[in-house]
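Shared chain: chain A. Partners: chain B in the first complex, chain C in the second.
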Partner chain A sequence: MSAGGMREDRNWGGSALVLPALVLVAAFLLAPLALILRYSFDKYDPVKLMLGVFSPGNYVLAVADPFYQKVLTTTAGIAALSTVIVMLLAFPVAYYISRLESQRLRGWLIILTMLPLLLGNAVRSAAWMIVMGTKGVANSMMLGAGLIEEPIKILYTQTAVVIALVSVLLPFAIITLQSVMDSIPTSLEEAGQSLGHSPLRTVFGVVLPLAMPGVVAAAAISFALAMNAYATPVLIGGPTIKMMGPAVYDQIAKANNWPFGSTLACILMLATLLLTVLSTRFLSRKYF
Partner chain B sequence: MGGLSLGRLAFLSLVVAIFAFVIAPLLTIVWVSFFSEKILAFPPTGYTVTWYARASEMADFYNGFVMSLKVGVCATLASLAIGVPAALAIERFPFPGRETIRQVLLSPMYVPAIVAGAAVYIYFIELEILTTFQLAATFSGLVIAHTLVALPWTLRLVCASLVSANTVSEEAARSLGANALQTFFYVTLPIIRPGMIAAAMFSFIASFSDLEKSLFLVGPGKTTLPIAILNYLEWSLDPTIAAVATVQILIIGTALIVSDRFVKLGKVF
Partner chain C sequence: MKRREFVGAGLAVAGAGMLGMRPAYAQSKQIVVTNWGGDWNGRAVKHIEAPLLESKGWTIVRDLNEQPQRMTKILAERRLPRGTVDVAHFADGEAYTLNVQDALETIDYSKIPNAATMIPKMKQPYFMPWLYSAWEVVYLADRIKDPVTSYADMWNPKYAGKIGVMDQNYGAAMQVASILAGGKMDNFEGAKKLLLEWKKAVQPKIYPSHQQAQAALKADEIWMLGNWKARGLQWQKDGLNVRVASPKEGGIHTVFGVVIPKRAANKDGAHAYLNALIDPEGMRNLCSDNFYAPPTTAVSIPGEVGAKIAFTPAQTAALHYYDHKYWAENITKWLDWWKKDFVGS
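Coming up: the complex of A and B.
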């Protein structure tokens, strides 16, 4: 009995090792989030900055004001379109990677997938600006090939934002889908093939239904990331395309309207939280 | 089964095309960094390497680079210092609610960067009003924010290597009379070293490439490289910025390949 007691004491000592990390996250992430949640119910005043009241006025403004309605619908629209395209592109790539026999090639393809993801948004946006600019590579190539007569405007359009966002989201979607597909045994596909089904029918009839949790999770992650994008709408979209991420920055850092900026941030946070819960719900079901 | 059917060929070309879509812009920016003309035109009239020298002479880029390097190293060390003990506690000393704690520690990865950046900025200012201790627009403030960016990577990779390493040798050491510290330094640490190196690499990468969290926290003369790139891009697009981007691609690419030597990335993700 006493040995058991001692062991328990030791366990508690060991678990204390988690404390420094926990304190840091609590002090510099959870507490700040709680603070902006409080501010989101406050009211802005041009002189005193904040009135210290508690009212849902900012939330009403965020959904009722035509300007912010437009920001919300633009953001949701661009995020939805990007997510659909990303899923269509990520599925074949993830399937290809997960069915590779060569571990070496697999490793290299994962690095290739991860590299753009890890470069950060500044470099990635710079690259897309060079490709999509009026005098950029895409226009020069199309002019050279005689496909167009004069340069077309790609940069600073919604299309450009969607293209750039798709490239931002692809790595996340590929990695998420691929890890779920890894857990689907190939024997199931072989069974389908031996019944005389075409490879395409096998994929849609066997792999897709089993990979569905991964598809939902990847789509939720993609949508959340697209909604929260900052650098892509600012640099690729330009001043005319307003999305939520830049709106949060403008309100807090430029307009000094902390309450309303906090409200926009909390709306983003809430949407992301719901999507994350949704995706983890679905992902955990893969171990049935 | 074998052989290259038309359908399989179409599938392979699709996969190659998608990879090309992701990689082509990066290759383009590397290519542009060697163009001889300042005004972009394709194809270029000639090639040069002078833009790299030009970029290193520009104070914004040079200082940004040094700042990102310093912040990245400090944040990496800090995240290892708190992340490795946390991983050890979670994987080796089961306690009630540890899954919740794990999710809390991974949460900096899931909270949108722009939201976290805004929240930390407001929080720093409020702290300053309360205590007169300035964190916004300081080096320490950046390091704190970046430690949070790095922590989930450290935790994930170190936890993964603790799970895959079996506990038999640790138990053997304990039963032979080694105390907890000796067991950690002589048995556990060598086992998880590859995971720790990968954790350090990814923590550094996450910090070095971060833009959104730093956005609110940088100050005059205290700008990180991605922010310097962002500011420059709002006004001009030329081979100088391509050279700066290429340097960042090289640094991050190297860190990625180094970490793959220690932990097979194909197995981590």
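Coming up: the complex of A and C.
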């Protein structure tokens, strides 16, 4: 057998290893997505659930309805704000961890960062409910410190949703950023400082541009997760804060309107994809 | 939906169905029960399932979830050769909706000896009643000194900002408003105007469900809300200083019970479960604990608790009953209106 033939055999072997994962993804991700896409063009009937027709009516309704326009813009707004705050908070933490000399401390900080991920999102939201309630920890502390005279409403507001989402997204952003910063040699920062840059200017002039691939990746992950959030807006936002994830759930599970729920799900996927691609391309052109 | 067009739905559901599929053993001692979770299920286990079924060799597999998800599951499974649920707990209106959609088995009452003493009006071929109560008004006794006598008290502007409403019970809110607008249970158009006026003048606080509403009463955020009489009495028992008022317009009769899905794998087991559910001894213990009224004449609740649970002849005569057909045909539209125009406004 020739050397080329052996290489081809090895390539086939590699492809075969990928096959099970591909089959699983096709069966459990692409097939349901295709079903959802098909359902989104169907029509709801209170008795038959779906009529088996093919009509763009749901899309027209969803796009033209001011209520769903508002739900989509609220979702995008909350997701964008949460992402910006997460990036501002995650960057210094990731930078600090990546520049630690003590491997032991570094290991502990990474474990601490990932610790919240070991708890379910609903459990963390329940904890936030205890903190943010009228007689919750936050109000008690502010009352005790004399900052407020009466309990203020924190739970069931957009601010509460943003705070809780930031806490959910922060570990993802820190871990993503930290792994990219690890690959940036400290000698480049030393070079910057030897040329007279202050430490702050070195971070913004040297580290940030080099870490931009990580910043873009972390922001994209955070934004996509925030756009599709469900437990946080339901538990922390309550019935009055409308986001797309709960709106999809309401239609599918509460109204039994699978076609319209599928339409909202497709619009949510498309909006997330579009906004993520556009922002990634914008940042890429600016810094890469 | 036509058979060919259902292929898509089949793909999605078949996967779940195949994974959870089990053979239909006539002698199987396993019963899959789907129910609400929380204290509702906890009391069913404590007073019925554990002492009357599990102690006798039955295995109860519990599939706990909210009502919409459980309804969706049964609807999705109605086209499969075999479903994953043997018994499902629902309110009577939900059972009607499922029955209209051909998802329920006809109950064989000859296999349920305990049903012989059941109040005939509540019994349906597709739905066995288990507990009933009425939607009334629950309020904090130390905050509202004037006794509440009407649903209209929740519309009183002097309580602005101190009235609660539960998002999950939007249907009850619409029924109450409809009664105030003219007493209709088969036409809620009048309710919409009244609810919007209510939102503007009284600014009711909207909570997702009972637990959050209870916490809001405890925290003095709200003073009054509509709820089931039984739920109000449970809150009393939990130490909350609330009173339950039977409105002069009449409460809204609500029955909770069970159905057997058409594709249930163990229908014999399901009937055995239904018989145990209305066992007089079990019911007596359960009703004394959760304050719902039993639907069989074989059960009487003694003492003060019995007096609290019972409805007087006048209250019974004034009760409003669901128009199930109207409910099933319009519930999706009301949810849409509630989300967009009431909550969203």
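Details
Keep this in mind: the second predicted complex is superposed on the first by the 246 of 288 C-alpha atoms of A that agree within 3 Å, B and C clash if a C-alpha of one lies under 4 Å from a C-alpha of the other, contacts with A are read in each partner's own complex, and residues count from 1 in each chain.
The rule we apply is simple: a contact is a pair of C-beta atoms (placed from the backbone, for glycine too) under 8 Å apart; a residue touches a chain by one contact, two chains touch by 3 or more.
Here the structure is a predicted model, which is why all the values come from computation and not from measurement.
Bringing the complexes onto one copy of chain A puts chain B in a clash with chain C. In the superposition on chain A, A:Y39 makes contact with both chain B and chain C. Legend: residue contacts after superposition of the two complexes on their common chain; A:I148 is shown touching neither chain B nor chain C.
Contacts of A:K135 after superposition on the shared chain: both chain B and chain C are touched.
By the touch criterion defined above, A:A255 reaches chain C but does not reach chain B. Of the two partner chains placed by the overlay, only chain C lies in contact with A:M50; chain B stays clear of it.
Once chain A of one complex is fitted onto chain A of the other, the partner contacts of A:V277 are absent, as it touches neither chain B nor chain C.
Residue contacts after overlaying the shared chain place A:P199 against chain B, while chain C stays out of touching range. When the two complexes are superposed, the chain touching more residues of chain A, out of chain B and chain C, is B. Applying the stated contact rule after C-alpha superposition, one finds that A:L208 touches neither chain B nor chain C. Once chain A of one complex is fitted onto chain A of the other, the partner contacts of A:A31 extend to both chain B and chain C. Clashing C-alpha atoms between chain C and chain B turn up only in stretch 79-87, chosen from 43-51, 79-87 or 151-159, once the structures are aligned on chain A. Taken together, the two complexes place residues 31-32, 35, 39, 133, 135, 234-235, 252-253 of chain A in contact with chain B and also with chain C. Of all residues in chain C, only 1-2, 5-6, 8-9, 11-12, 66, 68-69, 71-72, 75, 100-101, 167, 206-208, 212, 215-216, 218-219, 221, 328-329, 331-332, 335-336, 339-340, 343-344 touch chain A in the complex they form.
Contact residues of chain A toward chain C in the complex are 31-32, 35, 38-39, 44, 46-52, 65, 67, 70, 133-135, 234-235, 238-240, 242, 250, 252-257. Residue ranges of chain B in contact with chain A, taken from their complex: 1, 7-8, 11-12, 14-15, 18-19, 21-26, 28-29, 32, 39-43, 81-83, 85-86, 88-90, 92-95, 98, 101, 104-105, 107-108, 110-116, 118-123, 126, 144-145, 147-148, 151, 155, 180, 205-206, 208-212, 215-216, 225-227, 229-230, 233-234, 237, 241-242, 245, 248-249, 252-253, 256-257, 260, 264-266, 269. Remark: chain A residues 10-12, 14-18, 20-22, 24-26, 28-33, 35-36, 39, 89, 92-93, 96, 103, 106-107, 109-116, 118-131, 133, 135-137, 140-141, 167, 170-171, 175, 178-179, 193, 198-200, 224, 227-228, 230-231, 234-235, 245, 248-249, 252-253, 258, 261-262, 265-266, 268-269, 272, 276 touch chain B in the complex.
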